[in-house]
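Next, two complexes with chain A in common: one pairs it with chain B, the other with chain C.
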Partner chain A sequence: METFNNFLQGSITLFSDPINVLIFLGGVIGGMLFGAIPGVSMLTLAAILLPFTAHLTAEQGIMLFSVIYCTGVYGGAITAILFNIPGAPENAPTAFDGYPMTQNGQAGKAVGAAVICSAIGGVVSTIIMMIATAPIADWAISAFGPPEIFALVFFGLAVAASVGAKTFWKGWLSILIGLMVAVVGLDPVGGIARYDFEMPYLLAGIHFIPTILGFFAVSEIFVQAEKKVRGRYEAPELSVDFPSLAELVAHKVAVVRSIVIGFFCGILPGIGATLAAFMGYNEAVRWSKKPEEFGKGKLEGVISSETANNAATGAAMIPLLALGLPGGALTAMMVGVFQMHDMQPGPLVFLTSADLVWVVFAAMFYANASILLIGFLETKTIINLLRIPFQFLAPMILLLATVGAYAVRGLTIDVVVMFLAGVVGFFLRRSGYSVAGIVLGVILGKIGEQTFAQAMQMLHFEWSGFLDRRIALGLLIAGFLTLGGSIYGAFFKKKPSAADTSTS
Partner chain B sequence: MNFKRLFAGGVVAAATFTLSAGSALAAGHSCATDDLPSSMAKPGGFPARALSMIVPYGPAGGSGQVAQAMAQAVSDLTGVSINRDHKPGGSGTVGMTAYMAAPADGYSVLEHIDDASSAHALDSSRPNPATGLIPLVISQITFSQIYIRTNETRFNDWESFVEWVNAQNGRATIANVSKEGSMERVMMKFITDATGMQIQQISFDKGAPRYGALAGGQVDALFEQPGDVRNFLDAGKFKPILTMLKERPSAFADVPSLADAALNFDPLFRFRGFYVHKDAPADRVEWLQWAFQKAYCEESYQKYNESKYMTLIESFRDTAGARELITKTIQQYRDVYKAMGLEVK
Partner chain C sequence: MGKLRPGHMVEAAFWLGLCLFLYVYSFEFERDIEIYKFGATAWPRVIILLMALAAIGQLFHHYLRGDEASSQMISAAVDDGAEEAAHEAHHEGVKWYLSTFALLSIPFVYMRVPDWIAGWLGADQTGLHITRIVVAAILIAIVVYCVRHYRVRVALMLPLFFAALLEDFGFYVAAPFFIIGVMYVFGERRPAHMASIMALIYGILLLLFVSILFVGLPVGNMRPFYDIGSWVVTVLQ
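And now, the complex of A and B:
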């Protein structure tokens, strides 16, 4: 009851001041817009706004950033679904099935599912955040160290090979290509240079945003252009139909599972929404009776990814507020906002600034809820972009992707990497490899390598150390069982007919 | 106005690390650059447009924050905007490379930390921040400490910590940034050599997982600078057991210093500063020196430094002082790299 009263008080504070309402609306719309444009993410908007928060009250500044966080994570889903351009890495798994749905004439259904599930994931995680911030934060950092996070990544990778490739082996080769790309640059623990060819820019590694843009957007343009040249191009049919209630109810297990996964990934410091989206998607594949349908336009893929990444937003606020540990770059910037107002996030915030905390909680709740309304309007309008003929749309997408790749660090090499990835992706897709698998390998590989090295240091370079850590051991066993099952299936089960993987 | 003479006179240079009496702002004391003129004519109209500041790290970390605070202070002082351009990656190498390729017209400045000095110490083909660039100001200098959890029961101070670590036969752990040649690794070598401790260093390149590792009991101790863990200190979650200074700063009067712990080595410091191309026009450099050094004493910047515990030791170095600090630091790193058997190019 006290929680509810606090929430009401936070809501009243939020909506009783017109300036607060303006800031809230600005954050909602700004987050969605910047989230939707590749390369220019919600982080860009946050970095621009950071100095100006000095002129706001602490409540307004933190509220603005938390609202941008909620809607920014959702915003990138739209371009991922319509054009195969994930606005941010956490939307990449959304494109795995969202874009094929667009090609199948189900863009409205995919965007609608993203809207509804983002809102559900965000709202539920915000409610959990309101109820149990402190105990959850303490448990998460005690139970999950580098060995457990590495085991979690291994568990995720074990199923990733089944996403989008024509055969089990091509799936694993795709993952390994991604893992190879992930090790370019300084190693994350010892700082040793690998595969840099004495080029300073390669010391920083291959950035995953140009990689994603290349493998998804650019290679897709090439695929469609080839179809156009050969006279096989068909413009996607337009539909603005939302998914039916029955369809959503049918996916209730996927929604609940993704909320749990997303929330769980969100509370781990330094992990956040990207791993949440990939793990949410992977688990949907793992538990599906028809995993071979993923990557070809399955609604459950969009639902799982978008529910999980928004569920991570509320969760990421838990270590920030309870312990002062930011889960990602945007929450780290929130620390800067706190400091500008002579405050520090952490246990004392609940004692010294309870009003601020509840205004933020209320704002996040309403921001997630507002995704439903604004997303609904967006669905009915933005989908009409698909009416633009391919010969005009393709250059626009290439331009957008190029700007996005360059904007990440202002480096031309990122644009080169993007186009290289596009060309490589084009040929790999023709050969039945999975660009989704490559991207999974790149993103999970970076997290996995770092946590593996840390785990080995922590376990004094003894593999048996994993046996003493129950959660890590459980996840590793589950990963090996999944892997064994996949290998068994590849050798002994009747092979499914080769399906078109052009969109994977 | 004879700005050059002011600098030549060493008004603001500080060659040694001295404990500060606290925030100049809070205590009402004079600030390092109070004697500089409050305004300076723009040489030949420079700058006629916004400056660009390359930051070789992300916007959320310590470098991103100090860049934002300094850019704001310079803008407040001069009315000239500064656009920050973050180029993270390669432990600052990407940003440094991009900066060296930028035009030397004074419109582009660089933020960098002591990593640039240690990188040059290890590989002299990397730019020397003292001679390959012109330091405009070093605006943050801080020391390191060893932290444990406040509710720790196995040890509660430096002495009992060393005893406990020695009893673990190398199985004790400490979280830090233990990349090859890093300040943390070098300092840990000084400490382990002096105490005979065997302790496993766990390298976390991001702050939050590093602090979470100690808070969650994944590691036994943490190597960090006080400003970065201030919220944990204020909340009573962490406590320092060793200050890596030769004397105790007032804010940590009950924490043993290196001298108290009989550790006889010169500590290395984390420092952040701002630079300009050495080939930039001299009159523009002079204006930039004035702007960045004067901005150091802007109220907003001092407030920021105070919030980050950057006022416990003298954080300010002008161009001459910065060169002296960087040169000394490079030599320290070179000596220890050779002792560690690293290949110094």
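And now, the complex of A and C:
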């Protein structure tokens, strides 16, 4: 009952302020559009908006990002289905059956299924998040000290590195580069300048906003420039033809199964929503009586993947809000929003800023529900907007990024750093490295070093102290097992063929 | 040699060279911290060690498997087509990288060379500004010449060059040319479209950031560009 009252209070706060409503609607439409437009993603939008959240309250900033997260994950399904270009990694399995459906003239039905299942997965996940996050945060206050947080950071990085890049080694190199970037500036214990190369600019460290803008928004434009040389994109024709109620009811088991899978994968730090979508899809194939039909345009493939990835969005907020640890690139940017308002996400947020938490929860609930409404009413409009030529979109995005990077501190050197990060990101991406891994490394590197130092001081520099703390020990063991499994896989397992990947 | 290619060895050499550089530089800040026995160097050195191990592991992976992806299925999800696009566009090989880095040096030439020339000539502030305008004009001419032949390379360099010019020429003067340049690089050739879209984007940005949000953008520090920028701000605010 208390949860429901808090939710009502959050809803009232959200809708009683016209500015909040405007930000909410902007986030819903912006997330959906940027998720859907080929060549950009919700991460591009989030990176561009990040510096401007300084002009908003912390409540509005976090709410905006959470709404973009929910609708952006759905928006990415549109490009996966229509162009075979997943808007984000978590939409990749949607393309396995969504794109063949487009080729079979069933694009409308595939988009319709994505709309309905994204909304269902997201709403259910948000409800569970509302019920579960506060008790987890309460427990975390007493159970999570610096050793546990350091162990969780290690586990999160081990998971992220294992799945984020072309090879396990490139995944780790991406994370380590991010950790190294986080080292630049003053060390967290003694305040000694590290890797400043006697440049005053570097004393304060490399600012995360130009870094994030460069790695996500700018490098994406560069990658598109290279693709443009090959003239890849052609907008397909689309008729909107939603699946019938009978078809949806026939897939109810797939929906429920994907919600459960999505939610539990979403809680994992790392890249939970991606794992969720793949596991949702894989389980659908495994449970099917006709697995050979997957990969050829089967509706259940789209339903399983889209339900699972949206179910992971609510779950991904749990480690962020209950423990203060981001699980993916977008939640890492949310940490940036908190920091810009001199706040730290974590269990104490429930005590100090309960209003913020419940407005965010309410906004996520309504954002997921609005996917259904906007999906039904505006799908055709959105698809027409997808036809904006990229040569007109690119200068707009680059200039928005320029203004964003400059506005943080009023330094043109930040703009140079951003475009340099874009160039570095471009070269790393085309070599199979993961820019999301780098950004997670940057964000978690600072938290990791600080909590490691605190943990070692707390344990009187005795490594065996970790053995006495069950949660920390468990997380460290889980991290090492993930690491060991990945090393074993990297050397001894053969990569499955393309056919295996899509059907097994 | 297994499945190793020269590119793999260059990649490994880059990472190991970077590790060596970062390790050697870490002695610059090797100092004791009274309350923390690991000091300021332990954390970065562990990262450097892991980086070196990962680079060696990567080399060994290339030796055994060549360019094959790891067995984890999620790797496929993060494949954004960047690698494939590079391969299809034949943007690989030492020659491509060398010419790309040569073009990428243009913004840094602008950041450093005018000061050297002005210092060498013993020029005053006005002389320095004139030198900067002349150097910028020469570099812009080089970029215009290159854009027809090296579109992707210019696309990489153009934003950096724009950022380098911002301090002197200001956002208000440089942005319209930048918008047209990016559109051209991305394949737009119709002058009327370029002019109208440029006016639209420039207008929206100024209205949103200058008139509504009052974001201070760089106005430049050389006349007459500074005057133009200041005039735009005065009119819009």
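Criterion: the second predicted complex is superposed on the first by the 269 of 504 C-alpha atoms of A that agree within 3 Å, B and C clash if a C-alpha of one lies under 4 Å from a C-alpha of the other, contacts with A are read in each partner's own complex, and residues count from 1 in each chain.
Going forward, a residue touches a chain if its C-beta (ideal position, glycine included) is under 8 Å from a C-beta of that chain, and two chains touch if they have at least 3 such contacts.
Just so we're clear, the structure is a prediction, and the values are computed from it rather than from any experiment.
Participant: On the A-aligned overlay, A:G295 touches which partner chain: chain B = first, chain C = second, or both, or neither?
Facilitator: In the superposed model, A:G295 contacts neither chain B nor chain C.
Participant: Considering only the touch criterion stated at the top, classify A:F426 as touching first (chain B), second (chain C), both, or neither.
Facilitator: In the superposition, A:F426 contacts chain C only.
Participant: Should A:G266 be classified as contacting the first partner (chain B), the second (chain C), both, or neither?
Facilitator: Touch partners of A:G266: none, neither chain B nor chain C.
Participant: For A:P200, decide between first (touching chain B), second (touching chain C), both and neither.
Facilitator: A:P200: touches chain B, not chain C.
Participant: Taking the superposition as given, does A:F278 touch the first partner, chain B, the second, chain C, both, or neither?
Facilitator: second
Participant: Is A:G35 touching anything from chain B or chain C once the two structures are fitted on A? First, second, both or neither.
Facilitator: neither
Participant: For A:P395, select first, second, both or neither according to whether it touches chain B, chain C, the two together, or no partner.
Facilitator: second
Participant: Return first, second, both or neither, reflecting whether A:F168 touches chain B, chain C, both chains, or no partner chain.
Facilitator: It touches chain C, and chain B stays clear.
Participant: Using the touch criterion from the header, give the chain among chain B and chain C with more contacted residues in chain A.
Facilitator: So, of the two partners, C touches more residues of chain A.
Participant: Determine, under the contact definition given at the top, whether A:V189 touches first (chain B), second (chain C), both, or neither.
Facilitator: both
Participant: Can you pull the chain A residues that chain B and chain C both touch?
Facilitator: After superposing on chain A, chain A residues 189-190, 192, 410, 453, 457 contact both chain B and chain C.
Participant: Given the complex with chain C, which residues does chain A contribute to the contact?
Facilitator: Residues 52, 55, 85-86, 89-90, 92-93, 162-170, 172-173, 176-177, 179-180, 183, 187, 189-190, 192-195, 218, 221-223, 225-230, 232, 271, 274-275, 277-278, 282, 389-392, 394-396, 398-400, 402-403, 406-407, 410, 412, 415-416, 418-420, 422-423, 426, 429-432, 434, 436, 449, 452-453, 456-457, 461, 486-487, 489-491, 493-496, 501 of chain A touch chain C in their complex.
Participant: So in the complex, the part of chain A that touches chain B is made up of which residues?
Facilitator: 43, 46-47, 50-51, 54, 138, 140-146, 185-186, 188-192, 200-201, 203-205, 207, 269-270, 319, 323-327, 329-330, 332-333, 335-336, 339, 342, 344-348, 409-411, 450, 453-454, 457-458, 460
Participant: Give the list of chain C residues in touch with chain A in this complex.
Facilitator: 11, 15, 22, 25-26, 29, 31, 33, 35-40, 43-44, 47-48, 50-51, 54-55, 57-58, 60-61, 64, 68-83, 85-86, 88-89, 91, 104, 107, 151-152, 155-156, 159-160, 162-164, 166-167, 171, 175, 178-179, 182-183, 185-188, 197-198, 201, 204-205, 209, 213, 215-218
Participant: Inside the complex, what are the residues of chain B that reach chain A?
Facilitator: Listed in rising order, the residues are 58-61, 64-65, 68, 71-72, 84-91, 93-94, 96-98, 170-171, 173, 178-182, 200-209, 211-213, 215-219, 230-232, 234-235, 237, 300, 303-304, 307-308.
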